[in-house]
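Before anything else, here's the structure in question.
We call the chains A, B, C and D, going by the order they appear; numbering starts again at 1 in every chain.
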């Protein structure tokens, strides 16, 4: 057994232990802490699986945004009784059976089956980008990505629809505050511009290297949320027209490019000469909208401090 | 890379167990996310005997982002329930059983 | 050389795993946070080593992203300890 | 060859600091001294590992990125340590479990 395999083994064991702690731990705060660690370890796992694009998304979303979203919820739900998790044999047996079944089934098909990788490689020359994952997301399977951007918007509509009438037209979430010129505020001043640069870099890099609109957009969302949490920026109200344009800009641009593609042959089909330009424009539009949508999803519906 | 396949399968099991046994909504949301991660891992580790395959990777990235939006919606529903009723669990199923 | 890098990555992974004990045992929230934060720094270090092993520059981008998002999550941790979940430990009252 | 040895020595030093940090986190008696041990150890540990990677780097861009990672971690851990120290100050120490 070589040492690389030992590393993978320990990593996988840790992932499992942390997952057990995240669902089984007694305190909510510990559950969520372990869930953040879980996301971080998964990102390492994706690097080991040669999926650097996925590792970027997991590190940004799993360990970053989801963590902050859940921590905010813990702060509000903490005082409620939650009862210890007990080991019940029947569900445990059931879940064990399912896990063994799935594991067995996947191990059987692991070496067989047609793979799409050769097809992607054969057509990468016409895709307009060199990163095969970006080529799949924004060219070969751009339907999925367009619909996903719409799903994000629908989720935000769902979150906003939970607003009380009295709170509508206020800023999303509860009011964030920090001591002006305190440590936190200065931290935000230092880190937010840094996040902006890293976010734009990731969107830009996505054409030829791991990265893209989702990863870059998530970092942009984190940078903006950091400024909000440090008390430096005030989120716009839910009724703000400019904000709504930012939210729909990406999907709208995507749709318009798709219709332009239709005049040239097929809906969402990019003419080979135009592909690089169109994809880059869509990437930046999407990154902006994704950043705004994700940040607002994390902030939640406008609420009053009780 | 079969070890990652096994880990994915185990995560699905752990998540399902958490989903069934814990009543607290936030823990159920965590469990739901762990099931999702397990499925992503199964998909990502599938058929890895040569070049890594960009198609499942693209699907997984899409999935991670959608999981976040679903999580955000679920968290906000739980918070609203808590604001309105003070509860952090759903009402018991067999109360209104008919 | 790759063997040595693997060994180093393995050692850091093991040491961060042990530090998770603090996340589990506390006793204060601050202790739990510290355990988690050490795993964050350890994760960045492991990614730097994995960059040396795999030789892909993208892995270094993951390390950069993780360092940034770990700082962001740390702010989330600190804020969640304040009374309304949106404050700053430096504020009075 | 020199670079490879230098790199190995630096990484080994980094390892020692990470292990020391973990030890401090587990063994030190109270939150504040644990915090002290932790920030020193993980800053230096990551610093040495980054340095070990940098001496092997082929281009300036990589070195720059490595440096950026370390500076970022340094700023973050210093700031967060102060904030955690505040939140662990006596008036907040009862923040365990359902309290607060």
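Of note:
Definition applied: a residue touches a chain if its C-beta (ideal position, glycine included) is under 8 Å from a C-beta of that chain, and two chains touch if they have at least 3 such contacts.
These numbers come from a predicted model, not from an experiment.
Traced through touching neighbours, the fewest hops from chain C to chain D number 1. Across the structure, the highest number of inter-chain C-beta contacts is found for A-B. Inter-chain centre distance (chain A to chain C, centres taken as mean C-alpha positions): 19 Å. Between the CA-based centres of chain B and chain D the separation comes to 32 Å, rounded to the whole angstrom. Separating the centre of chain A from that of chain B, both taken as means of CA atoms, is a distance of 14 Å. Chain B and chain C have CA centres that are 23 Å apart. Residues of chain C in contact with at least two other chains: 29, 33, 35, 57, 61, 64, 68, 70-71, 75, 78, 81-82, 88-90.
The multi-chain contact residues of chain B, meaning those touching 2 or more other chains, do not exist; every residue touches at most one other chain. Residue positions of chain D touching 2 or more other chains, listed in rising order: 72, 75-76, 79, 83, 100.
Contact between chains, per the stated criterion, is found for A-B, A-C, A-D, C-D.
Touching chain C in their complex are the following residues of chain D: 4, 8, 11-12, 14-15, 18-19, 21-22, 25-26, 31, 34-35, 38, 42-43, 45-46, 49-50, 53, 56, 62, 65-66, 68-69, 72-73, 75-77, 79-80, 83-89, 92-93, 95-96, 100. Taken in their complex, chain C has these residues touching chain D: 1, 4-5, 8, 11-12, 15-16, 18-19, 21-22, 26-31, 33-35, 37-38, 41-42, 44-45, 48-49, 51-52, 57, 60-61, 63-64, 67-68, 70-71, 74-75, 78, 81-83, 88-90.
Here chain A touches chain C in the complex through residues 3-4, 6-7, 10-11, 14, 17-18, 21, 25, 29-30, 33-34, 36-37, 40-41, 43-44, 47-48, 50, 52-53, 55-56, 59-60, 63-64, 67-68, 71-72, 74-76, 173-179, 182-185, 187-188, 191, 194-195, 198, 202, 205, 209-211, 215, 219, 222, 225-226, 229-231, 305, going by the rule given at the top.
Chain contact summary for the complex, chain A toward chain D: residues 27, 78-79, 81, 183-184, 186-187, 190-191, 194.
If you check the complex, the residues on chain B that touch chain A are 1-18, 20-24, 26-27, 29-31, 33-34, 37, 40-42, 44-55, 57-62, 64-73, 75-80, 82-83, 86-88.
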